[in-house]
Amino acid sequence: MEVVTFGETMASIRAAGLLRAGGAMTMSLGGAETNVAIGLARLGHRVSWVGRLGADEVGTFALRTLRAEAVVTDGVVVDPRRPTGLMLLERRIADVSRAAYYRANSAGSALCSDDLRAALEGNPRVLHLTGITPALSVSAAEATLWAAGEAKRRGILVSFDVNYRAKLWAVSEASAVLGPLVDLADIVIASDDELALVAPSVSEAEAVAGLHVRGVRDVVVKRGAAGASTFTAGERPVHQSAIPVPVVDTVGAGDAFTAGYLSALLDGEPTAGRLMRGATLGAFAVSGSGDWENLPYRSELALTAQSAGSTIR
Amino acid sequence: MEVVTFGETMASIRAAGLLRAGGAMTMSLGGAETNVAIGLARLGHRVSWVGRLGADEVGTFALRTLRAEAVVTDGVVVDPRRPTGLMLLERRIADVSRAAYYRANSAGSALCSDDLRAALEGNPRVLHLTGITPALSVSAAEATLWAAGEAKRRGILVSFDVNYRAKLWAVSEASAVLGPLVDLADIVIASDDELALVAPSVSEAEAVAGLHVRGVRDVVVKRGAAGASTFTAGERPVHQSAIPVPVVDTVGAGDAFTAGYLSALLDGEPTAGRLMRGATLGAFAVSGSGDWENLPYRSELALTAQSAGSTIR
Amino acid sequence: MEVVTFGETMASIRAAGLLRAGGAMTMSLGGAETNVAIGLARLGHRVSWVGRLGADEVGTFALRTLRAEAVVTDGVVVDPRRPTGLMLLERRIADVSRAAYYRANSAGSALCSDDLRAALEGNPRVLHLTGITPALSVSAAEATLWAAGEAKRRGILVSFDVNYRAKLWAVSEASAVLGPLVDLADIVIASDDELALVAPSVSEAEAVAGLHVRGVRDVVVKRGAAGASTFTAGERPVHQSAIPVPVVDTVGAGDAFTAGYLSALLDGEPTAGRLMRGATLGAFAVSGSGDWENLPYRSELALTAQSAGSTIR
Amino acid sequence: MEVVTFGETMASIRAAGLLRAGGAMTMSLGGAETNVAIGLARLGHRVSWVGRLGADEVGTFALRTLRAEAVVTDGVVVDPRRPTGLMLLERRIADVSRAAYYRANSAGSALCSDDLRAALEGNPRVLHLTGITPALSVSAAEATLWAAGEAKRRGILVSFDVNYRAKLWAVSEASAVLGPLVDLADIVIASDDELALVAPSVSEAEAVAGLHVRGVRDVVVKRGAAGASTFTAGERPVHQSAIPVPVVDTVGAGDAFTAGYLSALLDGEPTAGRLMRGATLGAFAVSGSGDWENLPYRSELALTAQSAGSTIR
Amino acid sequence: MEVVTFGETMASIRAAGLLRAGGAMTMSLGGAETNVAIGLARLGHRVSWVGRLGADEVGTFALRTLRAEAVVTDGVVVDPRRPTGLMLLERRIADVSRAAYYRANSAGSALCSDDLRAALEGNPRVLHLTGITPALSVSAAEATLWAAGEAKRRGILVSFDVNYRAKLWAVSEASAVLGPLVDLADIVIASDDELALVAPSVSEAEAVAGLHVRGVRDVVVKRGAAGASTFTAGERPVHQSAIPVPVVDTVGAGDAFTAGYLSALLDGEPTAGRLMRGATLGAFAVSGSGDWENLPYRSELALTAQSAGSTIR
Amino acid sequence: MEVVTFGETMASIRAAGLLRAGGAMTMSLGGAETNVAIGLARLGHRVSWVGRLGADEVGTFALRTLRAEAVVTDGVVVDPRRPTGLMLLERRIADVSRAAYYRANSAGSALCSDDLRAALEGNPRVLHLTGITPALSVSAAEATLWAAGEAKRRGILVSFDVNYRAKLWAVSEASAVLGPLVDLADIVIASDDELALVAPSVSEAEAVAGLHVRGVRDVVVKRGAAGASTFTAGERPVHQSAIPVPVVDTVGAGDAFTAGYLSALLDGEPTAGRLMRGATLGAFAVSGSGDWENLPYRSELALTAQSAGSTIR
């Protein structure tokens, strides 16, 4: 296995208009870690997603979708006593969407260390985790910390995407839990906002330096339309602009970037190549509807070069 | 107010195909009592629905829909701490659908006696209740019993639709709770299966006789495609066949029947007229998709007479 | 030209659900005579439809649709001062639909004799007219009568489909106007209800006999699911059952029958063959949505023989 | 009641492609005054819309939609002899749409002073009227003038949106009718083009000054993408830029602005706050399809601040 | 592996209306053997489908769909030089659909013996083949015969569904090729029409007897709505009626029956249980749109008992 | 006839999402020459398209569509032995779409000189050809060259759009075949990339000069969003910017430009007017979905002037 990732995934039901108006909706799968897993699998990597799903139709939908996308689901735990979560989504203005979650006591939040053991014993090259999972429950937080530690012990590279979700916990609470995860991570991926959460300081430079001191090798900062930067300890920073494409839907763009970054890392690409592939997947993600539906296959990575947007041709 | 009814209503999200396949869905409103309320309002009656909704978009959707249908919502309680419930529906075979409920700790299940007080103080002509509400929670069961008793005291006619839902409770549990409600009811509406639940006996005739003894004036038995019968104490039974129309969707047909029956009752129709209007609303309900969407307006009650199904004309 | 027909055609906008609920609709073309013209054109006949359309997008839609269906539109008059009519349709129960018309002062109703002159001077084999057109306006009634008379003078066979529409005029009014048309017709097509309108009498047999006396050669009676019969003066009546197929939408079934009947007539088929083709087109019409969309092409006439409706095969 | 507004509202049926191509359409509600009323009601204001609707399904659709949106419809007059109007819409290029109206002899155009009396006797805080209503018919023009005068007499604030529609009348005709309305208005809202229509002059400054002299307190000029300005007599002008969001559909943006402006006025906001809320509603309006469907609820007014449009995040 | 099956699968694109009218379509997967494989996999069996797909998006769609349905695709050959086939489907009347095939030189038709070797070396319990595959090409015919013989040698049970397709070859041609396959089969499944093709005789009884003599153990005759029968050598025939459900789409019903029959066989059910499960899957198949989309999961096999079709309940 | 054009046209089936995901699609008509023909016919020109279609439903769809659009189809050859081609389209990123062609041995590619003879004998004013047709087959290449020569002999103006398609042939192969066509053309239309293919040289100016020397009167260079230029021998170059509109779909924009250019030429417009009309049609083409669906009618040419894109108005 090249990559193992874990967390909660759920049905993501999008309203065509406002939720208050009822009417047409579309059900897809949503979850930061499954987004990353699908992105990697589409590029041909062997990637396993671990998590708990209910013994229900929504859980079966999740399994069916992941199998279709060639994500390995051997480690998925079907929890007979808890339902698979779901969320209702509506677009409000520009790229601001609103979500209502139905994840109370969900199977996904019951994730525990035991669920992850077998996957790590397979010694994957990379363990990818996000700051969403530890916010789900006490057992999920313990499992995340355990997994990061176990990966460290086994020499598995740990990738950590901060992914702070204000709906799930307060900054102070998150800060306390995410700190130890950062200490175990080889790669930390954060938006410019999130950087302050895991490395409070007066400037980005200082925050990055602090993370390097704490043992993080690569600090990857996502800056939205302004692109992304990688700060590797002892090397010059590398920056990559976003690829300018008409934006249809920005949901999942950050996960797409992460998948691209990790894919190029697995392929042995240097930092510039990782950022470029991250930007490429981000461009595909925003070019179509859905969290992951428009992500590219390996043969399509070169297509962004052709997109110019001419009127008369 | 002519009718007051209460219970839980929720978003009813139907999958176009199987839930496992994801894809297109449609969100509507579902709840036995709101189905009855909408049926009555479409026929021009003043009907009030009482219940709890979350302070969320789904709750607002419920309010918006009920207002559109001219159901009075003055008594609705918006519960700031609990979400509005929802269910996912898929059609499997013939008229068998499958539902997944997301109503854990829902606002609707927190209904209590206090929520109903004002509505009963308005002295409506009819209080309509179902056997679903007492299955939701202890407070909802207490509220239902309280409301039936209070209506009795005030001389409000009590209509009770047994509506046994196996997913919510066992027969023995339901039996114990529904018995006292039957004792307070003037009209009991039950499918042939449900009759045994509230009046165990060796035959339908005996069951009906027992209910009459317990003070029920009208016992209305729904027999699916075979129609429905009303047994009024001291009168000859009246039977009505189902109106033969092509069936598109049977969900909500029972509630439609009840709405038609109560509407004719309010209009002073004799038993035969009540059953006929019940059958008419049932025929409209099954002729289109949705729990209540195809219910008729008063001016349409005569349309069933025109439906013959000719090929060459 | 084999057939000339004329009348009003308009946009037919169908609601997916109830009109009161708004939402999805589909725009097609509706008009009894254009239905017949399309049915004939699909079977390979040269057929011309004459009528007035507004100089607007809806009128252009009508022209575009008729051209697509290979109906000859050379004689269509574009009226710069009047709009093309439209109707809103909703299905209510079984095969009962409800229509709201927006045809006040429509181009279609301004049809006059002059509009028809050129088409008749081409000496088509058949002139097909319906009882709808004379109900549209005084000038349209005059035009219809003129056309029937002119056809008679020229030896063109006159086919007349009674098509009484209660929304447009009263029985007494219709009776007075349609009588003279019947007197000019070679073929009269009527549902069993309509027969009484144009030939009041105590029995169908007497009504048919009366029409034969008035010079009608073929009296074709449509009996819905019970099929259709042709009574030719001096011959034994011929009856044809309806072809049993699952019914999706009965709108346009009568026009389909007429198109099939006339097509076989043009092909020189005997009465039994005419009725059979009429029944075949009726079966296609009710098998799909839309007034004419599912009508067959000549190569498809044999398909009804294959439709049996098996479950295991 | 905080606001009373009146005028014509009708079914607005949008084609998915070109009208000439037929096919999919969507029916919603359209009318400048109902757009404003819905915008205000969504922000929690008590607003009543008065107008005439036909006793038909389209009229019932209008009532149902307004009730759903919590607009008070007590004053609506159902006219049994006239149909509710409708319009067909198609998008052609950029933000240029084309409409075909079916409002000849519509119920809406039969509005008269008597219809408005009760609403004004309720002494709302604001009467909002537009320059569309007086263009509908002689009685509608009289009613509008009467209502403005009556409001003045009662001390109700009069808001007047010029809303010149070239399809309905010529500039000279409009100018003569709208002049007296301006003289009765406290607030005049006009696009830069429309300003010249009600206050011809060599410059905007002079036009504004002239309106102040005629007794208008606030002159609000809408400048499209360039934003909007308010000129209050005796105060410095205030300007507000448009909020930059990706534009999906500009129809209804002006009415959205007006609703936002009036909402802030009712809340006691100063001029800058009124313009800001107007711009906010305009941004919501253009961010989604439909005339009013995407308008915000009060809790959503702050969302525009979050919309930034990032690609990598 | 419990079952191996092989053949051609392709994109099946269904038109919503007539193909000539263009417009909306839906793409799914179609192929008799993949239908059977999906039916078995949904019931929890380990089933492998072998075939050739092009190195194109349609081929990837097929793989993605099969993986989602948990069909084992390890043996699928991706042919870099040939496209994946597709077909366009339109419903014409009742259950008569029309297909246009784009399978000239398709990857699927290039199937050869070598493609099947590995799958048979795994010694599955059952090899299922159809009479479609040998009609595709010379190499496909050779492969089918080789596989049947190899299975016989290995003691793998051979199931053969005659599935005669008149579009692919003439009766005489088919007869010559299918005869040797019948001689190698343990189970022969045929519609009553097809029986004559593989065992010409004066009566069904004689045909069945002849097949028993040739070594076929079970002869399963499908009789459409009349159900199905199994004739086992030396045992009394067993008959099963079709389960009466409203029919939405009969395409794929035969394959569904076969999947159910084989599933019960694998579970050790006696003949009556096999026919019952076959009928059950057939009932699910016809209850929804699509070739296989509505097939049941194991937990759903009991649902048919609940489908009664009531109007009032 | 004003214009004759010829080539292959086929069903163009667009996926709503990725082809690999299956699901919703839409079938339209696609072909560079039919795009141009429809563009001209919408502007009121008499234009005939010649080509081969299969005797199948897809071919009938093509005929039906062209007739609807008022393109003359008298010269179309229905080939009973070959299918009409089709392509599957999916949007990937920005304006990059991907097509899978099913045109092996298609009717369209069997075009030959004899098919074109009658159309040229009608002496149209313009013959329009593209560089796609000669790439289809040997006979199609011969037919194209023959037609250009025959037009030259008859004094028919020859318009040639280079339209190089890398999927069909290599640059060297195309160069050899297209050269002689350029020598026969009066107008050559090429994107800046394609100019080098037909007139290799160190600069655009030199390439243009070379074409003038070879007898081309007008060289029209399309520069995408940068607009287009016409270089007429002996005159000053004329440039036209693209009209800035929000871009929905760029497919067909080049053909739209060509249709607009030729339309203005037929109307006797000077070069600036031709380029302006070309740019106008290009703006319409990119404003809506589809290859040609959004092209304007003559009365709409002025609409681009109104499209400004305001937010508050």
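Here are a few things to note about the model shown:
A, B, C, D, E and F are the chain letters, set down in written order, and residue numbers restart from 1 in every chain.
Here is the rule we use: a contact is a pair of C-beta atoms (placed from the backbone, for glycine too) under 8 Å apart; a residue touches a chain by one contact, two chains touch by 3 or more.
Note that the coordinates shown come from a computational prediction; the quantities given were computed from them, not determined experimentally.
Under the touch definition stated at the top, chain A and chain F share these contacting partners: D, E.
Residue-number overlap of contact pairs with A-F passes half for only one option from C-F, A-B or B-C: B-C. Computed centre separation for the pair chain C/chain E is 45 angstrom, with centres defined by C-alpha atoms.
Mean C-alpha position of chain A lies 62 Å from that of chain C.
Of all residues in chain D, those that touch two or more other chains are 18, 21, 23, 60, 64-65, 245, 283. Contacting chain pairs in the structure are A-B, A-D, A-E, A-F, B-C, B-D, B-E, C-D, C-E, C-F, D-F, E-F. The part of chain D that touches chain A in the complex is made up of residues 245-246, 283-284, 287-290, 293-294, 296, 300, 303-304, 306-313. Of all residues in chain C, those touching chain F in their complex are 60, 64-65, 67-70, 297. Residues 11, 13, 15, 18-29, 56-58, 60-61, 64-65, 83, 86, 88, 90, 98, 100, 102, 104-105 of chain A touch chain B in their complex.
Of all the residues in chain C, the ones that touch chain B in their complex are 17-18, 21, 91-96, 191, 222-228, 242-243, 245, 247, 250, 253-254, 257, 278-279, 282-283, 286.
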